[in-house]
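Two complexes follow with chain A in common, the first pairing it with chain B and the second with chain C.
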Partner chain A sequence: MDKQNITYPRNTIGEIPPCPVAPDSLQGIPRQQTNPSRWQGEQWSAFVAALQQANIELRVAPHNTGTYMTDAGGLAYGKPHGVVIARSAAQIATLMQLAQQFQVPVTTRGGGLTTEGESVAFGGVLLDMTGMSRVLHIDKTALTVRTEGGIFWHLLAEALRREGLDYLSAPLNLTSSVGGTLGVGGIDVNSSKLGCSADQAIALQVVTPTGEIVECSDEEHAELFQRVILGYGQFGIITEATLRIRPYTPLRMHYFYYSSLRNAVEDLIQIDRSEACDYSGILTMMDRAITLLVAFDSDEREAEFLSHHRKAVRGYGELPFAIRTAAYYAVRPWRIKEALYLYQRKRELFPDLQPAHHMQGGQMIDRTVVFSRAVWKHWGGRQMVIPDLASSVDKFVESVERGNAVCKKYFPHYTLYCVGIKLRADHKAHYELSCIPPDAEEWAYGCEFEPMLGDNSYSRDQLQSFKNEIYDIGVDLGTSYYRFGGMMKGYIRRALGDEVVEKHLAMKRQADPAMILNRHVIF
Partner chain B sequence: MSHSNCHGCSLCLLSCPMWQQRRDVQYSPQGIFKALQHNATHDEIAPALFSCLLCGACDVLCPEQIDITDMIKTLRQEAFVKGIEIELQKNIESLLAQPVAETRLEENTIILPGKALRSMPDTLTKIQRLLSNETHAVIATDDGDDIALALEAGIHISEQRRHSFLEPLQGAKRLYISNAHLLRALHRWLPATELCALGYSLSQLNELTSKLNKGDLYLIEAQSFHFDHKQKITHYDQLRYQQGCQTNMDLQRNAIPTAAGALNTLRPALDSTEQGNWILSGRNVQRIVVECAEDGLAMSQVTHHPVLHIADLMGA
Partner chain C sequence: MSSTTRRVDVIIVGASLAAAAAARRLHDAGMETLIIEKRELPRHKICSGILSPRGHRFLLENFGPIPPQALHNPTSCRGVTFHFPSMVSMSMDFFGGTTPHLHRKYADHWAIESSGAEVHGATSFIRLQQQGEEQIVTTRKKGGDEVQYRSRYVIGADGPSSPVLRSLYPDYPQQIPWFFVGQKFHEIIDCPLDEAYFHFWFHPELGHYTWSHARDGRQIVGVGFKRGDNFHQRHQHVANYLQDKHGVRLKPADVDHEGCAENFGPSLINRYVFGKGNVLITGQAAGFLNMIGEGMSCALHSGAIAGEAIIEAAIHNRELQPLYRDMIATEVRRTTDQWNPLKIAFGRPHEADFPAALMALPLKDRLNVLRDMWRFVCLYKEFKWGREIMRESIARLKYGHYPGQRWL
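So, the complex of A and B:
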């Protein structure tokens, strides 16, 4: 269609409502964040007719729209008016031009692995990016891959492994899409060495909110590149991405066990600083059994760690830790239920972290699959409540300890997952208004707080109160959040301040005059 | 477990050939179940229902342990009752109605090779020799191709046809069955008989597998592998490590199927060339060895490399 002829009517739906978290809603006061109100469908029929004329298939049957009713969080519910399966940049460009013209909200969705409703459409169009999910080109010499944006990380890994290659870092949950991840961060157990997934991107093809197709990178249209990377889908839709990749290596894994959260977190930070390992992270069963995972890409790196750094790690091996834990509970018989839970959980979880058919010669050959399947099997479910805090190194221990106290208050069983993220000094501009805290230097750290909901039923208010208390810690300490937006967006302004939010809001208004693209995520 | 247990995690998409070819969630277990959760009619989900290869990879992946392939078969049956895919139903029913000889076989060991293998007499003779240990193995005259197709499609099999198929097999102690759908049904119909997947049994013979090497791509028959994944995964993993051959397993350790199933051949929904190309993509292969003759036929359409049945490794 002829872009010159499009007029953008004065923005009315892009009005920003007041921050839903009132200034007087102080810590510990239960309150509920709610779904945004549904877009009412003004000009919908005219928009549908225009889409039809442009030969863009729109699915409006209830079973089509209902498929996308919620996200992995399972707490936000909304229905789009219609669904478009992404097929090409040109198709999306036309869709966006028409959406601007008719002021129809467009919500993009990859794997739908958000937890605060960021990929849920409250009316308007849901653009399912998984329709564009093919690997376009692998350059074995330059070690780069060009891929469509809607691809799941798992499928990218599948294609790369055939060539003896691997991505650098990706979220543990491999049904996340590349495009979605580049927009929010992407943290892996090797992020303390290689950075977040968003930092792997070399170049992107982006469809802007007004429907231009633009190739951008640090060299070309650098400002758009800066905004789209870690941009939470506000400044464009990633239709293609060029990513750095590397030769594939299996993992040599080691686990160290702690009963002190502080010791484990301090050791994690210390190991990361010493750059003694290639993968590191903490996974806990409450604050009683804390596992520090370290792993290596080569025998040499492993040997060097064992001879030079192992001594400084305060964690125990599996057997000594089991004996200590048994002794602890032997003198506290009233906590037998907790002991049994730990034992049972270990029995269920540990075999799935090293399944025989994904191991060879003691090495893990498919970390991509093992972690992802374990995540779904042992942490997945109808609802996933995973508030988090992302902080600088200095604030990390306190963030984890305070978050842990909140978990304890609300739930008998929960997990903490902590990892470091190596930062790129040249990407400061990418990090503005994102999960990377503004005061972080060299590394940032993230901790997820996930209750084990099991078969218990918790009210939505209770779950929300829990999340609010975690997010309050972020406001208090001045951290950022890894899951950053959707129903918790009110916290962004509180934690990061008005100035940076206003700056980005002004940029958003300029890039997206009708404020239609992923409109309830950040602003 | 029912469709309402699906919480939309998308794991089933990762190994699903139907989704991989369409890149449209409607064509996946997730899409089918989510649609049903929102009151979709059988008509609305029929395109996906009848594109599914029933390969069983999704059964292995679903964290909710929904028996996806069984549900798809049931939904197909219900669709036929509602008059959907009437032509397909008629075609299969006419195959089921064809008369068959009903002579009881006296041998202890009977092989049900399936149509493609029956057209490879030399290979079949080798299989007979390989599987004749204490007793001579015979080839069934009626190996239930029509029944296998009906099982896959979800078509009702009359008592009469079932009887005529089972009667000759009643005296056997051991059956080797090529078709995975038939194998599953026979577990219910002949519970006292020892039932073996033909391809899997051949893959356990050292005199054959010792001939596999680095340049070989060994094609595991997907359906019977996924139906019994826990038990068979170790065997095939050992095979590839010991012999250094490649297999059609993906990163999830599911077998990528060809689209050579009987239903997809009768009513093509998925492109077998695309499927074959995906199996070969990025692999350095000199020879393809299959344990299912139908897979061999499909692969020979997409490669110039030799494609041979595992039994043909005998004396090679």
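So, the complex of A and C:
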């Protein structure tokens, strides 16, 4: 190999002005290296020997490391030097101590459902947390569950259902891990009532970047607890979590249909404010066929909504909306393709949102299964491209409308998914450097913009350009983002300000002297 | 064939920015990638070096900050200035802000080294054969014997006169018109041209492509014309014109002039060449060239797409060519839009605002500019591209993209 050590000649003619082509010479968002360089493997051999001595199994075969080449987003690719399957907190503690000693990067991964490369290892060790996926204890009286951090939500749901119990909220993709979700947020259709998934954690067992095993909660090691919850994996690895749970209830579902995005979003906000329902969210088929979902845990709540709040909801029932839509397209025959797409979409989608085998007496027996299956069958693809904007109530309508315009520019078909997130006043410190926008009070709102990629193949630049255009709206409006790590970390300072980022960077440097844990995610 | 022939996942021919981008993608994905380049590295590259903002962004996001050693002086460029025979000049700043003035020799080498792929300099591509699922690539190290490699995929990122392309389509060079683009370097006596801009002349008497800008204390005078004409005469004509009309006083050209053949047409008429089977052609070899002749940004992007297509094909066991052609469609759209008269008139396909600069001129100058541009375009009449451009422009309007049937 012709690896030459080239000494570049110094430019002798004139003076190079101060960084004339620095990232900030590009107008708009300062650009930085978002596709990280691979770690070059300094001290790797010594580190491997130390791991062997500590009896930690390291997998280095190409078929082992290749499995983790990319994440669900499919835009960032990287290969670890080796993979460690998480087995216990003690094992991870030893791994982290050695990693600090030899300055080897460690990237944690649960379900790998990040979209910006946050769980992709650009060299170093990939720590696969799915090896720790047991439910440890269910306390039916105190309504809590203790579980290992690498468990997927659907496995946790299975264990809880057997006891007639349910978690509070979980992301719609149930193959995300509990630990990963607590590190970033997690939103569900009941988040407007119960908060984001991370807020249901009562206590955590965390392995710090320097390899200490620490139990933390709001009462014990509160500062670590604050940093790890919604901390994007910067301050520790969640090995165990105690979560609040509740009795399981079937759902009473109602769908309202809109042809105006603004009306639908305004109604969603109003319904959440009035606390008239237990579940709420928006899913669009197109920007003129929008579904507002509301659901209830009990007949009483449903009856109260129908008698007191239904009139204020501007959405139509299925039949009236179908008639209005048919009339709209009847006088616009040149948009027949659009009409046919809507009809086709309705035919495919609606049966899966209320499947007979999951309905009993008009109630949905397991929303977890129904929603997650429907979402991944009808909205999913082999690549998750889901940029989002997380804003305060005041900015939400504009965020959604501007994001919708960007989607329309790039893709013929896409969907928007909007939900509210109830904020906990006592968790302000948790939210400091997170997806929760700093100016949000009581509720934050999130909208995901998901193109229907189908079987089409797009270049990464095309998809990244689309995402950047959505994220630029956030900079313009002053919102935050649910997915703000990895390839979009350039936005963090713009969204949250230098002061907050520097503060957390200083804390990170103190907690992780070698800066090895999930090192390309935020800083 | 020797049983010890080395097998790699991908061989990239050429050590350009397109190759670096492709290699970066492939190396990230853990594919064993070998780059072969016929010259010793770092190698000289004939180029203005003025990168577009889009290319700048790509370099930053994928390779990090550009080292100062990989830049010429002036190190940055604010935009372009168009000059017309009616002596109207229009300066336009890039939308994205200042962009780097790359020293291609070191910038390319920095990118190639940063890609992480294995690089063999002074190694020429000799021939390509297909054997079952594999490509047999024969190379020769300078002064050495032929060496063969097996690979599943090959990327030709080897410039306009691509040997890889010629090995697939031996007749292709005869099918397109060729241009010669050359530049000479002059010590400056007095140069009123603003060194913060790249200067371009829409002047049919000067040539098909005439430019000038400052570099490392000297002034470049560049000229492009249909192959077969005399470079030195053409260049002298332009130098005299700059002195007479713009007061550019330069010393006689230094001895280090340079020139190369250019394939100027494929981007205009949507006649790209993307390869066959598991052999991809990318960068300028495929025909990518932005308006004003900047090819680096589309080389970076198309190179990256070639890498991405191979990764997708390998992971999902899909046929490579359809995948590459699907993915490259966006880059085709971006590039060919820049030559599309409908897009120029009603869209903003360029990275500087020509319509706004035009509208800022007094009416008389505006009319003069339009007349001068028309006369300049007529210079290209002999290539009969007009109808093809209009046909492709209408197809773009109708389908939202450029038809792939015209690609080789």
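By definition in this document, the second predicted complex is superposed on the first by the 489 of 523 C-alpha atoms of A that agree within 3 Å, B and C clash if a C-alpha of one lies under 4 Å from a C-alpha of the other, contacts with A are read in each partner's own complex, and residues count from 1 in each chain.
By definition in this document, a residue touches a chain if its C-beta (ideal position, glycine included) is under 8 Å from a C-beta of that chain, and two chains touch if they have at least 3 such contacts.
This is a predicted model, so every value here is computed, not measured.
Of the two partner chains placed around the shared chain by superposition, neither chain B nor chain C is touched by A:E219. Of the two partner chains, chain C is the only one touched by A:S37; chain B is not. Of the two partner chains placed by the overlay, chain B and chain C both lie in contact with A:G66. In the superposition on chain A, contact is made by A:Y77 with chain C only, not with chain B. When both complexes are overlaid on chain A, the residue A:S459 reaches chain C alone and has no touch with chain B.
Of the two partner chains, chain B is the only one touched by A:H357; chain C is not. In the three-chain superposition model, chain A touches both chain B and chain C at residues 62, 65-66, 69-70, 382.
Residues 61-67, 69-70, 72, 74, 85, 111-112, 128, 130-134, 150, 152, 154-155, 157-159, 161-163, 174-175, 356-358, 360, 366, 368-369, 372-373, 376-377, 380-382 of chain A are the ones that touch chain B when the two sit in their complex. Those residues of chain B that touch chain A in the complex are listed here as 7-11, 13-14, 23-26, 30-31, 34-40, 44-45, 61, 63, 233-234, 237, 241, 250-253, 281-283. Contacts from chain C toward chain A in the complex involve residues 24-25, 27-30, 41-42, 53, 56-58, 60-76, 95-100, 106, 109, 113-114, 116, 118-122, 216-217, 301, 304-305, 308-309, 311-312, 315-316, 323, 326-328, 330-331.
Taken together, the chain A residues at the contact with chain C in this complex read 1-4, 6, 8-11, 13-14, 16-17, 20-23, 25-28, 31-35, 37-38, 62, 65-66, 69-70, 76-79, 122, 382, 456-462, 487.
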